[in-house]
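Two complexes, one shared chain (chain A), two partners (chain B, chain C).
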Partner chain A sequence: MTLLQTLTDSARNLAVRSPWIYRINAGSCNGCDVECATTALIPRYDVERLGCQYCGSPRHADIVLITGPLTAHIKDDVLRVFAEIPDPKVTVAVGVCPISGGIFRESYAVHAQVDQYLPVDVNVPGCPPRPQAIIEGVAQAIAIWRQRI
Partner chain B sequence: MNFLRIFARNLLRGPSTVPFPFGPAWTPARMRGRVQFKLSSCTGCRACEQVCAPGAIRFDKTPEGLRFMMWHNTCVFCGMCEFYCPTDAIHQSDDWHMAHAVGEKYGMAIREVIPYTACTGCGMKTLASAPNPIGVVPPFTPEEVEQQRNQCPACRKKALAERGTPS
Partner chain C sequence: MLDTTTIPLAVLMFPGGLFALAFGLALKGLDRRVAARLQGRIGPPLAQPFFDLVKLARKRTMVPDIAAEPVFLGAPLIGTVSMLLAAALVPIPGVYAPNPMLGDLLVLLYLLAVPAVVLMIAGSASGSPFGAIGFSREMALMLAYEGPLVLVVAAVALRTGSFSLSDIIAYQQTHGAFLFDPVMWPALLAFLAFYPANLGIVPFDIPEAETEVLEGPLLEYSGPALGLFKMMSALKAVVVLGLGVALFFPSAPDGAAGLLVHLAKLVVMMLVGVTLLRVSMGRMRIDQAFSFFLRWPLALSLLSLAIVAAA
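This part shows the complex of A and B:
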């Protein structure tokens, strides 16, 4: 029992260093996605300094970045992909669209706000937010994630 | 031998990664960030509400006065409100540190009320808003602004007519 406890603790201590990021595009205009890609790929901003890495599969993800106002067309797919992400997960809403609908608020084609359907933890407002603001949001998400794991 | 030059340059200059969040981040001088509202300069003309594309700015009539509300979580930081404000009462600062936990979502707003007052000329209930400076030559002095603030629109017009135009 103690050996199992020790193993679990050491695995947890290793895991908190490197959350993996997954990005869901919920009908975004691609502005926030470009900024998310900038945050990850350009050495100037480099989100991997925080131990994060973008992953391709929702089943590997720890931190979820959601962009876009959750259009009616994509809503079911987004909810299905989100359900595939294992707990504990931390959700970050990037840009004003998932937070409030932004410029598309009150449109018949969007289901904003996203937190009506998904448990959002951190909001990063901006249209789009600058890469440093996304890094700030990811840093807050990592702090929340360390408490959850 | 080009790589040697690049190698030497990288050794001298260090990494190009900005240190944020472990250090300060560079902010452009004309960065459009968090909106600041100066209640004492607002004329209540509602031009910012008209030009706000996502509808982040709203004016409501309340029993206390005209309430100004601005939601940072809806704002797209286009700068139109600042451009059209006749008195620079609305201003976009260069503060972009707006990432917040979802519990603070409803705190990301500005709520201010332009109160009602009694006109010093005729006693009518009127908004204590700043006078519109457009087309006023010579410009209002601070004393005149304070005087006009407590007057109704009719008395403001009268005071402007008595002020006269420069010859």
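This part shows the complex of A and C:
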């Protein structure tokens, strides 16, 4: 039993070193998306050294970054894509939009905050947040993910 | 002579199996690390592909509603098993010669075609439109590069008079490696163009282009099934590079030193032919890649076949 536990523990420790990130744009102004792309794509903030990798398919994802206020138009599609992501997964809401609606609050196109529809684990406030903040959000997400995987 | 007891060992443990898998994953990790350094990044740890595999093993495999489930889940298994067998078929000069019972170069050629076929099947079985695009691109690319490969192998076989990799290596050990034989240079060039396409890297990663068709056939895969595909591609790197070494440059000392030399050759081939190429080029369009392969590598391999036949 203890051997099994040690094995599971070490497998978990290895597994958390490979978080794959998927971005969902839920009607963001693109400011947050640019910052998300920045954290991965420019050499200075290279997140591949943490084992992170942006993936094109929701089925490959472990950590989901959601940007934007979840506009009424795109809500159903976002929920569908979110359901396609295999468990265990962690959700990070990037920017102030998913938290409160941000500058789009009270718009006719925005119904409610993202966490009314999806289980959000980490909030990264800012409009847009700095790359460092996003990386910290991802790091917190990895810590949460460790409990789940 | 035909002792079959070592075959399971060869397939599961030493030249194939665990050893090839570990080395293939290390090659992939090295590739990612060096590519990151060349782009001015720090890059992932060398064992990153291994972490990825452990992670994938702990995730859930989801099967899309419209997918043909047995085919969808069977495809990665078939691909990985075929590559395990192929890895046991590739000799390591001075260290390991495959048992003739297991097969020869022709069997290896067939097995090498399996991963591409499996990706096509996976793409179409997943029921996703991106998978279907990946399927058609994979097929076009395969039609383009398979011809030159067969001709290259035919040229080497004609030169040595045998389709057995052991004989090919023995021939080169007495007559000198083909790498230094001008008659074989066209074939060598054709092979150098072939292997990046077979390994599916930029500029020939058209079927799995992440930014265009979202990894095509792999789009719908998750968890352990995706892990099997990663294993397949790691094994394939070892097989294809090992085949290149056996065909063109098998000179190596006996024993442990021979193994080290072999591994060093694979690392060099990976870094130069894959990593450097990958970071310095953009992706081709499928029609460009198709006409490229039907023009240069095909012409070169035909040329080499003609010279060898005349020589």
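The working rule: the second predicted complex is superposed on the first by the 134 of 149 C-alpha atoms of A that agree within 3 Å, B and C clash if a C-alpha of one lies under 4 Å from a C-alpha of the other, contacts with A are read in each partner's own complex, and residues count from 1 in each chain.
Throughout what follows, contacts are C-beta pairs under 8 Å (C-beta built on N, C-alpha and C of every residue); 3 or more make two chains touch, one makes a residue touch a chain.
Given the structure is predicted, the values throughout are model-derived calculations rather than measurements.
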**Message:** With the two structures overlaid on chain A, would chain B and chain C clash, or do they fit side by side?
**Reply:** fit
**Request:** Identify the partner contact of A:126: answer first if only chain B is touched, second if only chain C is, both if each is, neither if none is.
**Result:** first
**Request:** Check the residue A:72 against both partner chains and state whether it touches chain B (first), chain C (second), both, or neither.
**Result:** neither
**Prompt:** Should A:49 be classified as contacting the first partner (chain B), the second (chain C), both, or neither?
**Reply:** both
**Prompt:** Thinking of the overlay built on chain A, is A:14 touched by chain B (first), by chain C (second), by both, or by neither?
**Reply:** second
**Request:** Considering only touches as defined above, state whether A:99 meets chain B (first), chain C (second), both or neither.
**Result:** first
**Asked** Where does A:88 make contact in the superposed view: on chain B (first), on chain C (second), on both, or on neither?
**Response** second
**Message:** Looking at A:109 after the superposition, I want to know if it touches chain B, chain C, both of them or none. Which is it: first, second, both, neither?
**Reply:** neither
**Message:** After superposing the two complexes on chain A, what is the shortest C-alpha distance between chain B and chain C, in Å?
**Reply:** 7
**Request:** Identify the overlap between the chain B-contacting and the chain C-contacting residues of chain A.
**Result:** 43, 46, 49-50
**Complete:** Per the touch rule, the chain B residues reaching chain A in their complex are 15-18, 20-22, 25, 53-55, 71-78, 96-102, 105, 108
**Item:** Complex interface listing, chain A residues touching chain C
**Value:** 11-12, 14-20, 43, 46, 48-51, 55-57, 59-60, 62, 84, 86-88, 149
**Of all residues in chain A, those that touch chain B in their complex** = 43-46, 49-50, 93, 96, 99-103, 105-106, 115, 120-127, 129-130, 132-137, 139-140, 144
**Prompt:** Mind pulling up the chain C residues that touch chain A in the complex?
**Reply:** 32, 36, 39-45, 48, 50-52, 54-55, 57-62, 210-211, 214-215, 218-223, 226
